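We call the chains A, B, C, D, E and F, going by the order they appear; numbering starts again at 1 in every chain.
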Amino acid sequence: MEGFYSNFHLKALAKVELANQVKQSFWLITRCFSFTETSLPPGGVLLCKIGKTAIMLAISNDEEEEALFSRARKNGYLLCKGRVGSMKAEKVISSIETAGIREGMLDGSYRQEHALYHAVLEALRGICRGDIGLGDYNRTVGLTFSIVIGLKDERSVSEENWIAVGLYGTIGAPKKGHEHEVMGLGISHI
Amino acid sequence: MEGFYSNFHLKALAKVELANQVKQSFWLITRCFSFTETSLPPGGVLLCKIGKTAIMLAISNDEEEEALFSRARKNGYLLCKGRVGSMKAEKVISSIETAGIREGMLDGSYRQEHALYHAVLEALRGICRGDIGLGDYNRTVGLTFSIVIGLKDERSVSEENWIAVGLYGTIGAPKKGHEHEVMGLGISHI
Amino acid sequence: MEGFYSNFHLKALAKVELANQVKQSFWLITRCFSFTETSLPPGGVLLCKIGKTAIMLAISNDEEEEALFSRARKNGYLLCKGRVGSMKAEKVISSIETAGIREGMLDGSYRQEHALYHAVLEALRGICRGDIGLGDYNRTVGLTFSIVIGLKDERSVSEENWIAVGLYGTIGAPKKGHEHEVMGLGISHI
Amino acid sequence: MEGFYSNFHLKALAKVELANQVKQSFWLITRCFSFTETSLPPGGVLLCKIGKTAIMLAISNDEEEEALFSRARKNGYLLCKGRVGSMKAEKVISSIETAGIREGMLDGSYRQEHALYHAVLEALRGICRGDIGLGDYNRTVGLTFSIVIGLKDERSVSEENWIAVGLYGTIGAPKKGHEHEVMGLGISHI
Amino acid sequence: MEGFYSNFHLKALAKVELANQVKQSFWLITRCFSFTETSLPPGGVLLCKIGKTAIMLAISNDEEEEALFSRARKNGYLLCKGRVGSMKAEKVISSIETAGIREGMLDGSYRQEHALYHAVLEALRGICRGDIGLGDYNRTVGLTFSIVIGLKDERSVSEENWIAVGLYGTIGAPKKGHEHEVMGLGISHI
Amino acid sequence: MEGFYSNFHLKALAKVELANQVKQSFWLITRCFSFTETSLPPGGVLLCKIGKTAIMLAISNDEEEEALFSRARKNGYLLCKGRVGSMKAEKVISSIETAGIREGMLDGSYRQEHALYHAVLEALRGICRGDIGLGDYNRTVGLTFSIVIGLKDERSVSEENWIAVGLYGTIGAPKKGHEHEVMGLGISHI
């Protein structure tokens, strides 16, 4: 099981050279629906909130990331993390969509992409604090994004999956040091 | 110094019975501007991002809260945390403003309240994902809020303070279990 | 089969006295997913666009409604229609949600209500042409709403259901004759 | 009269080769103000709602279009229909403006273009469900638009004209099949 | 002519006791369309921009108001001025509509009220800087409003009238001194 | 003192050839904080509202500008005025930011630019009447902007400075004469 983990992790780390600046560290354990059919992991449910998981993954540094992976793994979450920087909102959107599809988190259907798209738009509204706009507002973002698929929370073990997108980074003028932090979270049924 | 910490913490815990449902656990160490005049604390700057501090404080449970306090204390942040639930956006806004003023984080001037107000509005846009509206949209929120005043980040040690407001909780229909998580972050100069 | 149709239709007509001013004429034939498992109906697919079906149902008068029912029935759509008038956006939202649940179109889960809620919000943005607001804008609406569940379109026969909400009526000052028509359409995966 | 109709219809069909991808089938009968000066047509007013006329024209296929023309003709509406597809909102706006002017529906004054512009913006808010944005949101539209000038409704026979713009089509990712339907309606005095 | 002016002015000054706190100083000279049929006034067009006229009327004190009246009178503008303070956006809207109708600036038709309504909404967006909301945002306004009907500008002497609404005053927390200035301008064809 | 004034004024007038079409007439007297330390100027405070000052500077012609300068000078305001025309919102934003920095109104810190940026965004919402968008909405602006730094109003003499941005000009289709006036005002603490 641990080897299975490492393999996937290495696969992801090898993808650093992506054209659209998306670096993904991806972790696949078991899909969430199998979680409800099996017994709880030893030690029980440690962190089973899809939104909090997405937020913590987005704000985590490398060290915290490892701890998050082993916690989320016990709850059967499917996770993906990457980075994107742009003055164009569509680049942020398409990078996250590409990451979700390439890492096999989505099944390729329009339904699932529609769910991811709306989660991304909602997270972007947190980033832009209102209307979505980057270059038009003379501002640029540098963001870490997370995608999480799984249980909405510990009370919804019998339900189907939800999807959460977390965004964390900086927004500001295209000038070094002239930026401050931003955060966004979007959640949709999938 | 540790006793000083405990005293303030106990004072805050005693405020649970507030009329407007705001429970604050408040922590005052030293104001940030004194930080730049003294040497760095032993062990250096551990967490010096005002936005990340506000996010982590908002999503923290009791146990994580303690760890956050001792970390933020080393960086001279002024912190406040509370809870508010309402179908009226103005209740959320006024509860956070009241908390910031009552705990002595602001000096009572309109300037500082204006800064806090705009940080709250920005955080609320992340919560509402666009236009600010709760009851009008037939939805209610249960939120934990954090207010943080201090350095924008570790690169801005020579600058004046900023203010960050973090919001984390749930939004949904006024029916048990029919809600999902939301997050918002607003930052302003103060 | 025809009698089955009449029975359901009569049941709906008897519901005129609903407290919240929602008059529903409801029609259940077969759920859409059964459509894909059987052969096409004699005469083929006449109208298989979920959005167009929702729009036409919302703008239809009594006569046109009958024709729509028999067409949509051939494509296995699940339909519901009602009326609501208010100066409060939340009344419009909750009336449509209540109609969808009471008529058995949804299974009562939060997932499905979340899908309906977002479809309603999107349709309301068409009605309000931007920010959602009625009384705050000193205006009132009188709307016919439709809810349709089934195939997104004829090319998606192998997929799962979508939900569409159509809204049509008038918006204006609370003064007779001082209003004009409005239309909105919202679509979500379910 | 029937020949007059055919001539105009043919003229419109010959305009398919327009540079900006706008195909218009245009129908001029009599301007609406002449309707109030003459007696009602045999059979009375069949459909005299400017918004419903614009919606039905936008969603109609070729067959339904013919029936609509003969109905609207009895009520003296001035109609225009076209198609536009783009990832740029300004292309959608300018195509509809160009169609309205080229077909002689407007008198070329800024007043009338201002009325058309605002009707188009309102219809686009229904399409975008909130803020107007296509490419920035990484989405594209394929739309049929209608412009209708005439009586607001059958109760306003003594009043001047209004203008309605109907939009119907699909929105989605720039990938075949990854789109769903959208609808918008905008109405202004002219 | 001067007496005519005084009479109307006195009539308006006597209206201070209006229930909804609207104090109007109203000035009728000649309607703008008569301006284009006669020769230019002696001394020529001094100020013929409908928007600038509305702005200056809204920000003027009593002394400046007199000078504005005599200038605008030469250009045939129809003017109205009042005050309104509220935490409810609909109160602001209805006060301005009431003022426009009561002072005889509008002919009572829905067309003209629709034009005024949209000009008011646009001006309010300048006041709220985005989404229209006062009490929901825990803020209150104290506003002076102006309504101006006449030529759009000096180049449009052969055209019909436009309507402009100017708003100027303060927005802030419901606490004395905790407010700052705001301004809004809305313009529509009428 | 008078010579000091003239020198700065001439310096500004010489900057007409700026690449980004920004013509600034800049006036530096004494910074506002020195005003509170000295006695009131002879004749007292004539105009001490930062918002009204910004509005009047933006709508003033050359003649009115002179009168404004001598009034504002008595109240210690720091003023800057320029012009910008574009179909791109970011050009409007960056031109105003550039003007504020180049004329020495800001100290170059991110804090002060953040304050100016938010004041500009708020003023732009008045111009766009809602979502910020120019080219996307197929419209262009020609604007005069003003930046004012100083006392919020005469009651706040003991407080620190605020910043106001006034915008006035025209918005419309990219066709001569097809535009109308717009106005916006944004205010922030600095």
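The definition used in the following text is that a contact is a pair of C-beta atoms (placed from the backbone, for glycine too) under 8 Å apart; a residue touches a chain by one contact, two chains touch by 3 or more.
For reference, the UniProt names are A, B, C, D, E, F = Hut operon positive regulatory protein.
What you see is a predicted model, and the numbers here were worked out from it, not measured in a lab.
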item: Option in C-D, C-E or D-F whose residue-number contact pairs overlap E-F by over half; value: C-D
item: Fraction-based call for subunit B against subunit A, same above half, different below; value: same
item: Subunit B-subunit C separation of Cα centroids, rounded to whole Å; value: 42
item: Subunit A-subunit C separation of Cα centroids, rounded to whole Å; value: 34
item: Chain centre separation in whole Å, for subunit F relative to subunit C (CA means); value: 51
item: In subunit A, residues with contacts to at least two other chains; value: 110, 114, 121, 130-131, 133, 136, 152, 156, 162, 177, 180
item: Footprint of subunit B on subunit C - complex, ascending; value: 88-90, 93-94, 97, 110, 113-114, 117, 121, 131-133, 136
item: Contact set on subunit B toward subunit A in their complex; value: 49-52, 55-56, 59, 121-122, 125-126, 129-130, 152-153, 155-156, 162, 164, 166, 168, 177, 180-187
item: Touch list for subunit A against partner subunit C, complex; value: 109-111, 114-115, 118, 152, 156, 159-160, 162, 188-189
item: Subunit E residues touching subunit B - in the complex, by the definition given at the top; value: 131, 133, 135-138, 172-173, 177-180
